[in-house]
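Multiple structures are listed underneath, in structure tokens.
Shared chain: chain A. Partners: chain B in the first complex, chain C in the second.
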Partner chain A sequence: MKIRTIILFALLMPALAHAKLNVVATTPELAAIARDIGGNRIEVVSLAKPTEDTHFVDPKPSFVVKLARADALIEGGAELEIGWLPPLLENARNSRLATDAPGRIAIAPGVQLLEVPTALDRSKGDVHAMGNPHFMTDPLNAKIAAQRIADGLAKLDAAGAETYRSNLAKFNTRIDAKMIEWHKTLAPFLGKRIVAYHNTWPDFGARFGLKIDLFLEPKPGIPPTPASLAEVIAKMKAEHLRVVIVEPYQNRKTADAVAIATGAVVVPVAQYPGGVKGTEGGYVELIDYLVNAIAKGLAQ
Partner chain B sequence: MIESFQIMKWPLLACLLLPGLLVYLGLHIVEREIIFVDLALAQVAALGNCVAILLGHDAHDWQTYAWSASFTVAGAGIFTVTKTKNLRVPQEALIGIVYVVAAALGILLLSRSAEGNEELRRTLVGDVLLVRPVEVGKTFGLYAVIAVIHFVFRRQFLALTLNHEPPRGARWWDFLFYALFGFVVTSFVQIGGVLLVFSYLIIPAVCGKFLANSLPVRLLIGWLVATLGSVVGLWASYVGDWPTGAAVVCTLGVVLLLVGMTSCFKHWRNNYKKEKLT
Partner chain C sequence: MKTVWLCILLALPAEMSLAVENSELDALKKQVLQMQQQLQQLQEKIQQLEAQKTVAPPATPAPATAWSPSQPITVARAGNAYMNMSFDALVNAGGSSKADVTKLQLGDHDPSQRGFSLRNAEIALDGAVDPYLKGFANIVLKLDNNNETEIELEEAYGQTTSLPLNLQLKAGQFFAAFGRQNQQHPHAWAFVDQPLIMNRVLGGDGLRNLGAQLSWLAPTPWYTEAMLGVFNGQGGTTFSFRDAANTYGRTALSRGLRGPGDLLFVPRLASSFDIGDTQTLVLGASAAFGPNDSGADTRTQIYGVDSYWKWKSPEAHGGFPFVSWQTEAMLRRYDAGADPTVPLPAETLEDWGFYSQVLWGFHLGWVLGLRGEFVSGSNGANDVADALLRGDRLRLSPNLTWYPTEFSKLRLQYNYDHGQAFGDAYSVWLQLEFLLGAHAAHKF
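Coming up: the complex of A and B.
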């Protein structure tokens, strides 16, 4: 026991010397942006894995430990994490992460969410009351996220405020430059319709002028049925739709079957850096991959 | 150390207090050779949840509990009626059928409803790591009441299980047994999930059967096995950062393996001794 304590202290010493902020992000893309903004002043971990369905994340003891020790929690905050984050927080009992504490950094309140339902009707499927929670697929929303993260970190660590501000400026410049490139890549496909497994992509579609509004799921969160698939296949044939996008945790077999029936291609995509090979670098690398993979699919 | 205790405190309490009754009922279940009746009753109760969700109730409304409870009682009724002396159709087969049909019915019902899968998953896959203190308290209270009933009427229940002279009104005693059992199982499923409830019921009971002949000794061994499995499993889950319920189940599996090997060794040695004597 003593030895373990000593080792623990030895491991903690460098961290204590720098007094880095302990930051927990619910999802990997928020962690990636936090890393860009916080640099070496913060230590970031993501609870969800990039290949996981973030509507359902299986809790592990380390999640509670991480939340108990965290100085800040970054969450999407649009009910995406509602199934698993509250019980974890309840167990972690960390007052720094209370709903109104400065350590709780939620992105959604700063974002104009799409698809906000006028009336909550459970018969419409797994609908989120605040709007579509997958808003981070729009790079301009990522800029808002970066801003909110920089503000939040500056509040917790005033000495680092300057670093956070300059890192935020760097991030924004990088996104702005890339936006031109991304728009150019997708320009030939303006207005094209793409089929997705789940309604994850309205923000991405709206930003780049793509219609990603035909889904393999009959209703959000409800697995495809034979009738719903037949309907999708008929629509795809009638409109000559050529691309089906599918995320790592979604049923690839269903997408493949639909693609074979319609002569379309299946393009693997992900909402999170690391969800698809080659996107491990961070948020910009992820959008780079998405734009190029979808453009390539549409060009075929 | 203190942090690990803080985090694992409630799961540990749940895994130490609640399996006491499960182990005892497990002895009944193993003796009656109706191993999968717990899974079937849990699935039937989940079907009740599905109906409540379809009717627009929330997962934590009292109506949902009422639906789930009445389906559990109905399930108890089914198992009481199907317990026959007719050996051409073993009861295990009927239990399996009830399980599969209840599961399939749930899928059918929820295919038309929203958030159904999520709710169904939640009712069947509880997570003991995030158990709430209130849940542990409430369930412990329920278990205490049921344990008292079982203690008071132990002669009737045991006679039925061991196929001694059945008490008068055997059917009703059977029904009471299944109904109580249903409540025990479904309330623990909400906390720990199906895998964990099955393991706590069956593995300690089987260990007891391996090592002893009398019921009280088997019960003691079962409690020991359950406690050991809980403590080691929770510790492993914390140290190795594994999903908690599954870690406890695997630990119980390892304990059973050790007990089985010990028992085999004992048999072998006894036989060897006998051979030597003759």
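Coming up: the complex of A and C.
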């Protein structure tokens, strides 16, 4: 009996020593922030790749396995994941991730979403009922996300609560310090209009005083047509717009053609750390890149 | 509120200064000054916080929580409604070199005549019943060739959400987990018609019935799911089992359930592996065992294997570009009873076949597809009468699909068909799909 207990204990020891929280994030920027907050107390994976269109992630069976074993799920939660997360969760049958379970950490409920439609009408393209789900491009929303992640993790792992709190404080301090720098970098371009492929950037624009409200897509999710592009080109010429931003999965050729026709520059951008080269480090590195690349583009 | 207090505080000393003595006045002055300073500090703090919060004030008003007449379909608003509600229609148009299209297109949702046909308009409902159950219903409306409406309760089942040990139970009327395509609704299919081997062994309606299914997610590092379905196994949606309308010439016995042994059992095992970051492979093996109606103790066994491979670009936009390859092979052993009245001997009918289809999503919204199929089987005593259901048949189907958005599609398909029963046949079908409302996302 005694020997059995010892063996059992010996077997469990490594498991206990490495009892890290198993965290799944739907998108890479949430995973990056979770890593900042959780440190070595958690193990994080992101389901979506930083280079892909997160509206259309394949609900791969391997994701079911990850979700089945997860202690926590961090999701944006504003319908960005609606096309692929529900069937995964349904098959993962993990009650720790049930809606309203402590393991389910959704960010959107804490965020004031922009562009909430007053009526749902698909003739206007892919409109999100809860508002624009790309809210994480605003660093102050990232602070809200960090707060919600820290709160969520502390609920699941009380022993680590102090770590999460101090990591959150570190994250916030870092963002606050960077905000001053980012505002300063973009200050000369206040009120400038930028062209984007898709309406991903209202939060980023509002935060830094940029107007990112002209799109290559005629309607959200609807591919550009020659006629719609001609309209954009005419507007760009009339207003002397100089910068087109395009994400890794969007049609670079279309953006290039528009840039050539208007004398603008194409600035590659991404919503997710690792989406463009040099942003692999994390969320702050990503915004650093975005701010500097856009400022450089506008300065030309 | 703050301003009111401020006014009172500022107004107070002015009135009081007339009445009180100097020393008290000084003290009061000091206090007021302190308070003013504190207020100023607080105001500065508020301004700071507000500046941080909204550099630019939000252009849109705060989300309206109350219902307003400008929200016409609020009832189906995802996350804000008790269930997803959707309506999806598949409208076919086209023609075939054979006048009677129903002799070629044996699937219940396939194009059914030259010209226009509408064989699948489904109302899909799903949502959480309570913390323990999810509910699904699929009500399908079809127009027959006389334009009369047929209705079928295709699926209606409850499924558990929180059973322990990685278990999940579902019960009701639902598609059996046999292979891949049998579990998909027609609007998720990659071709306008049901594969031939499914026509032959699972039936034109697919294999679906009243029953229950237990599934278990194995604790393996890769995805493995084991399922066991138990069904009544009776009626037209269990074509190879106790379906009185399908007995290969024998007088149907239409026997009821005598015991648990007369139930239809459908086990399935599926595994999936990721090959790097961009490729996924799913392999499955299924079987179905149950009695059939052609004799007193005659039984049917169906075996199937399926594979699905998909590559998707790491820079996929709207899910494109991708390449996928899906193959299913099935074998059926149908013990047909002896019927001296016809007369037909006791024999075992063997049917087998496969389909294999490659899809290439070459550009955002555009998919090229090619499907090849072959079915064959042993010779049976009643084959002349069963010519459509037996004998060799080959079909080759290239198609092109355009998805303007994920809520609609336009598909053009050509079928080259060669069967023992009819020789060569050529068909062209155009299919339009449109989806209204909130539809639950599909599995991989």
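Here is the rule we use: the second predicted complex is superposed on the first by the 284 of 300 C-alpha atoms of A that agree within 3 Å, B and C clash if a C-alpha of one lies under 4 Å from a C-alpha of the other, contacts with A are read in each partner's own complex, and residues count from 1 in each chain.
In this section, a contact is a pair of C-beta atoms (placed from the backbone, for glycine too) under 8 Å apart; a residue touches a chain by one contact, two chains touch by 3 or more.
Model, not experiment: these values are computed from the prediction.
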Review point. Putting chain B and chain C onto chain A via the overlay, clash or fit?
Key: clash
Review point. What's your read, chain B or chain C touching more residues of chain A?
Key: C
Exercise for review: For A:225, select first, second, both or neither according to whether it touches chain B, chain C, the two together, or no partner.
Suggested key: first
Exercise for review: Pick one for A:56: touches chain B only (first), chain C only (second), both, or neither.
Suggested key: both
Exercise for review: May I ask you to decide whether A:147 touches chain B, chain C, both, or neither, giving the answer as first, second, both or neither?
Suggested key: neither
Review point. Where does A:172 make contact in the superposed view: on chain B (first), on chain C (second), on both, or on neither?
Key: neither
Point to revise | chain B versus chain C as contact partner of A:82, first or second or both or neither | key: second
Exercise for review: Determine, under the contact definition given at the top, whether A:292 touches first (chain B), second (chain C), both, or neither.
Suggested key: neither
Check your understanding: Touch check for A:98: first (chain B), second (chain C), both, or neither?
Key -> second
Review point. Thinking of the overlay built on chain A, is A:185 touched by chain B (first), by chain C (second), by both, or by neither?
Key: neither
Check your understanding: Which residues of chain A are in contact with chain B in one complex and with chain C in the other?
Key -> 55-56, 58-62, 64-65, 68, 83, 87, 90-93, 122, 125-126, 221-223
**Study point:** Contact footprint of chain B on chain A as seen in their complex
**Key:** 1, 55-56, 58-62, 64-65, 68, 83, 87-88, 90-93, 122-127, 219, 221-223, 225
Point to revise | Parts of chain C lying in touch with chain A, wherever the complex brings them together | key: 52-56, 58-64, 68, 70-74, 77-80, 128, 131, 134, 159-163, 166-168, 217, 220-223, 225, 270, 272-274, 277, 280, 282, 310, 312-319, 364-365, 404-407, 440-444
Check your understanding: Which of the residues in chain A end up touching chain C in this complex?
Key -> 49, 51-53, 55-56, 58-62, 64-65, 68, 79, 82-87, 90-93, 95, 98-99, 112-116, 118-120, 122, 125-126, 129-131, 140, 179, 183, 206-209, 221-223, 248-251
Review point. In their shared complex, at which residues does chain B touch chain A?
Key: 1, 3, 6-8, 10, 56, 111, 113-118, 121-122, 127, 129-130, 132, 237-238, 241-244
